[in-house]
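Below: one structure in structure tokens.
Every chain is named by a letter (A, B, C and D) in the order it is written, and numbering of its residues begins at 1.
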Amino acid sequence: MNYFVKGNPDLCIGCRTCMIGCVVAHEGKHIFEVDPDSYTFNPRLHMVKTAKISVPVQCKHCENPACMAACPAGAIQMKDHAVIIDTSKCMGCKSCMDACPFGAIDMVTEAGKFQADGKERVVANKCDLCSGIPGGPACVRVCPTAALTLVKEDELADAMEKKRMEAARNLFRDNQE
Amino acid sequence: MKKNLGSFVVGDSTKCTGCKACEVACFAVHSRQNNPVGKTVGTVTVPVTPKLYLTRFEQGCMPIQCKHCEDAPCLNVCTKGAISRIDNQVIVDPEKCIGCKDCMQACPFGAIALLPYAKDGKLAAQAMGETKVFASKCDLCAGVEGGPACVRVCPHQALRLVDPEAEAEEKKIKAAEALLMTKNWR
Amino acid sequence: MIVAIDQNLCTGCRECAEVCPAYAIVGEQGKPQTIDTSRCVMCGQCVQKCKSYVSILTHGKDAYEKVKKERNIPDCVQEPLFAAHAVCNIDKVNAALADPEKLTMVQCAPAVRVAIAEEFGADLGTLAPGKLAAALRKIGFDRVYDTNFPADVTIMEEGTELIKRVTQGGVLPMFTSCCPAWVKFMENTYPEIKDHLSSCKSPQQMGGAIFKTYGAELEGTDGSKVFSVSVMPCTCKEFECERPEMKDSGYRDVDVVMTTRDLAWLIKSKNIDWDALAEEEFDQPLGLYTGAGTIFGVTGGVMEAAIRTGYELITGQPIPDVEVTAVRGTEGFRVSHLKVGDLTLKVGVVTGLKNVVPVIEAMKAGQLDLHFIEVMTCPEGCVSGGGQPKLLMDTDRAEAYAARRKATFDHDKELPYRKSHENPAIKKIYDEFLKEPNGPIAHHLLHTKYCIK
Amino acid sequence: MGIPEIEDAGCLLCFGYNGADSHPIVARRIVRGKQKGMKIICVDPRVTETARISDMHLQLKGGSNLALVNAMANVIWNEGLADIKFIEEHTNGFDEFLKVIEKYTPEYAETISHVPAEEIRKAARLYATTKPAMILYGMGVCQFTQAVDVVKGLANLALMTGNFGGPSMGIGPVRGQNNVQGACDMGALPNCYPGYQSVTDPEIRAKFEKAWGVPLSDKVGCAITHVPHRVLEEKDETKRIHAYYIFGEDPAQSDPDLAEIRETLDKCDFVVMQDIYMNKTGLHADVILPSTAWGEHDGVYTCADRGFQRIRKVIEPDPGLKTDWQIIQEISTAMGYPMHYENTEEIWNEMIDLCPSFKGATYEKMEKYGSVQWPCRDKSMEDKGTPYLHKGGKFATKDNRGVFYATDWHPPMELENDEYPMSLSTVREVGHYSVRTMTGNCRTLRNLEDEPGWVQMNTQDCERMGLVKGELVKILSKRGYCITRCLPTDRVKPGATYMTYQWWIGACNELTNAKLDPISNTPEYKYCACRVEKIKDQEWAENHVKELYDEIRTQMGITAGKGDH
């Protein structure tokens, strides 16, 4: 199963440290360089604030990803329990963006890469579960209120099993009465 | 806030009947820009050259048109500089197009067709009496009042103008609100 | 076939089936459709709707010229051709024009003058009777007459018939019979109510019968020399003129029908510069018409014209307001009660053929208390006819219909005579030829029996 | 009480305090308290993060604080929920207090605060019956012309319910600025020496004169908010301010009615600005003294809970750059009072020896315990300071009894009117700190939010005015205007607008009212009348904003980081 990071709106205080953590993790040391163009600020998760809720939203790493199905370039694939975009193959057609029901994909400029008309290259960008980054998803690590959790197969399975047992116990009790 | 991404139109094959009203409307509004085309069929004196293409496939049909890619292969491949990005949209200049077909090959959607180029109510001629052609593709009705004509005329609302940024924002809000319902997943 | 669908072009979208009032279009979704001729009323709404054009991409480079040839469309035409189309008889017209033996007489329907200019790039609903007459004359027609004149005759005949039925206890309600698609539909679907139909021929057919009799007399010749052409907003008129009973003049009353679109093609093929045409008058006397004749082109127009004259015939007084706005509108079925002297005339107007079904069903169930009902097949009357200029975008439809309606009413307002019985040419033809409405000559030439099938 | 105690309260009355935006670390305690079952009553005109997770959110109309507080007291008394024993044993002035709150029935308060009477009753009951109950209040209380009265009103609630003198209770001011508590502790107030020792007390003055070897003034100084008056309008030449030395403060950004501030700085004969980066005040300064930032020097901060904490140098500053204390030392020496210290600990030791309540807070103890909350009177390692005040109901008064003090509500100084039909309140946002002299130079934070900032408006108001998210709007008050982006949100009520005050372009202090609380001298940042205008030509507005921004940057001599991502 693909893993995913989910936010708990009861714990989230909307501080966006997760977004900063995401950028720092993906940009590496560039972020501490003085040259303002040396890094791009492209958080792969976004804080949503409405009257009811504050919580970051990011890719759910679907098992049957609509983005992957929509991509005409074969730039989206599943790897290491995550749905990953190979930006070198991406041409910015926005099909994935349109297909994703969660708004989890953005189009971002790639620093230092240009199109034929001299404009910066724009490609799809989304959560990659910090693939290849030591310590796993940075957003989970930096959240000051521990509002973000990396959900893996076992935890989800355990939670479901626990719920099934509870449901069975309740039905059993009903049957006894 | 300023838009950063190109919008595009997508078809919905579950609604499309294949009537081609979109193609005819597309032709009508664009043809009007450099030909004396009125509102009725009889005013037309040039071939129908749409910028979107009704496509039949195993499960049905729908119009296919340009996605206005952000790193557009057609733009990148065009040696003549006939394809440019204007107000976020990828636009072909038919005057500059020499019909090399590179963009057609680069486009992964088949959204471009070579069609005769007409001007002032006549087919444009080139040397040796041949008709000039151009790479015809969606320009999202740039300069057309009321926005994409295909979307407006579809009798079944099978075409949708996508503002990817605005839609992503709406979808994010829905996704966030869904988290309220799954917060006690354990 | 008068209206047909080209199997090679049809995409099977069935948009035409949506607008067909007779459920005559059959076929599977996504496959080419065919027309069930036993049901088809040839109204041509499918022709108006169809957007499945001959495409370079889909059908190849040569397909366009091939289809054009198959359809007898003049070479000069370069406009899009669609799967659903109507017969084009321009070749027959050209043949007659070229024949020195023939005296060609043309009539054109009220709705043609508010639409034909659109085909030359004018605004939707541009009123152009003067240019229309000029163009017809330039094409070479010997006499340029007008269907609006026989429309005035129709009012005399139909009005008289109605008064008779109301006062002498005839079959009521009486339905109008000017719309051939409606007549065909009734014959197909409700032959049992045939006695409710007015016995009057349509204005086109009255015109044809008059041209080859009185018209020939005026020229000092006989009907055999007259070639009668009509220009109609309607695809079904060709069917009407081909009906075997339509030869009371001794010859076929109308020889050939062109649609508004056909006429535009003909004008183009003759290299006539529409924009440069100076306005001309229709020929006299069979081209003199009233506002009443002209409003036949819109839904409720026949009714309004009939009331303008009927009121005076019944009461002997001029109608207080010539504009009978109560019967105007575009709703599918409208009912009005009008005070005509001591009589309360109860009238109904149906537009859009599908809307007539519940009316007939109500009548058959004895739930309809009306004297007179106008029925027009097309959405807003003849201005929206199947032979009218076709819109590239259906989103312009409402604007086009409204503009053509407005132009029709504007024309009515500007004409010197607005009531059929006040038309001097009408007085003249009854004095000299027809004698009296519903009289023996009129009855022979201008009335008919339907349901012959 | 200490910040860590928050999460163990039974009930938290969070009044005019938006922890998530101003102090995420405090907000974390609130979230944790919620997880532990703490009941939260949030009083705020906006849906804050705390409001969102609260058990009760009283979304009052801005400027009605005291009416609501008095009504809660009214309910607590009338429903017999007061702690009579505590009142009798530990307080004075209760009867006079009752007379004032008598008229503040929930129904009366509803007419002022727009909070339903029944909600007020429920909130009062929840606060009075859940122990221990803690009150946190922030700038939503302090930045009104009726600020001190509301603080006292909140204290009344704690007094009448016996919520003083134990852990996780009492009332906690959560300060507006980093180390503002420290600045006050160190005597950066016009009326006291370090340790809240009055400048008018001859005994105290004598102590400081002896220690410092100079005669000292017996007059209370000038509050920062009185400076404009003393520069622009003071008739008495001897009282007029001619020189203004500003440390780590950006009044040309943070003070109300910026037009007046600019005039003040320009008309003042000599302005010295000492800061870590260039800021708007610097544009009007005669001398700019660059100093070190946190991480480049040692020192002590005081947390809002009175806890002294050491801060340490982690990197060497650029050569030639001096710390604040070194600069002060040199200026003082140059002005004829030789000052010489080797390090901050020397300064600290001198200071605590002069301040009885700080005396025990040595560097050694701060090092060992992390935080030492004053009062800490003894240098022995056993005195670890005072986590909460008023232990056992003993107050810092002559007879050790707490005093009830009630006043009547009065409305804000400038109300909505025909010309300016909406209200404006200044607020914070997480990420950019204060006037962003520091955070504005952090690229990553600037990427999160940048000029010209936002005005939060109710979605209905936006729809009515045809405004969409991100659209530039003009917002005006009697005093000035600025351009900012519209942020439609249902977190705020119709008719109210909210802006953060750190933006140079979207500078809401161009609009704010300089009226002060008579005791604290804090301006009414939380309420003034304003009007929002749609800008038809957005392209022009975007360019205009960019031009204004570039102009300021050019004036400041900034070249790096165009900041227009």
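Quick note on the criterion: a residue touches a chain if its C-beta (ideal position, glycine included) is under 8 Å from a C-beta of that chain, and two chains touch if they have at least 3 such contacts.
Predicted model, so just to flag it, every value in this text is computed and none were measured.
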item: Of all other chains, the one whose Cα centre sits farthest from subunit A; value: C
item: Chain whose averaged C-alpha position falls nearest the assembly-wide average; value: B
item: Contact-richer chain pair (by C-beta pairs counted) among A-D and B-C; value: B-C
item: Centre-to-centre distance between subunit D and subunit A (centres being mean Cα positions), rounded to whole Å; value: 37
item: Mean-CA-position distance for subunit D and subunit B (Å); value: 56
item: Subunit C-subunit D separation of Cα centroids, rounded to whole Å; value: 84
item: Subunit B-subunit C separation of Cα centroids, rounded to whole Å; value: 40
item: Subunit A residues counted as touching two or more neighbouring chains; value: 9-10, 50, 52-53
item: Subunit C: positions in contact with at least two other chains; value: none
item: Residue ranges of subunit D in contact with subunit A within the complex; value: 19-21, 24-25, 27-28, 31-32, 34-35, 47, 49, 52-53, 430-431, 443-445, 447-448, 489-491, 560-563, 565
item: Subunit D contact footprint on subunit A (complex, rising order); value: 9-17, 19-20, 23-24, 31, 34, 36, 39, 41, 49-54, 144-145
item: Complex interface listing, subunit B residues touching subunit A; value: 4-6, 8, 10, 67-73, 75-78, 81, 84-85, 108-109, 162, 164, 167-177, 179-180, 182-183, 185-186
item: Interfacial residue positions of subunit C with respect to subunit B in the complex; value: 11-15, 18, 29-30, 51-57, 64, 78-80, 118-122, 124, 261, 264-265, 389-396, 400
item: Contacting residues of subunit B [partner subunit C, same complex]; value: 17-21, 23-25, 27-29, 36-49, 53-54, 56, 60-61, 113, 115-116, 149, 152-153, 155
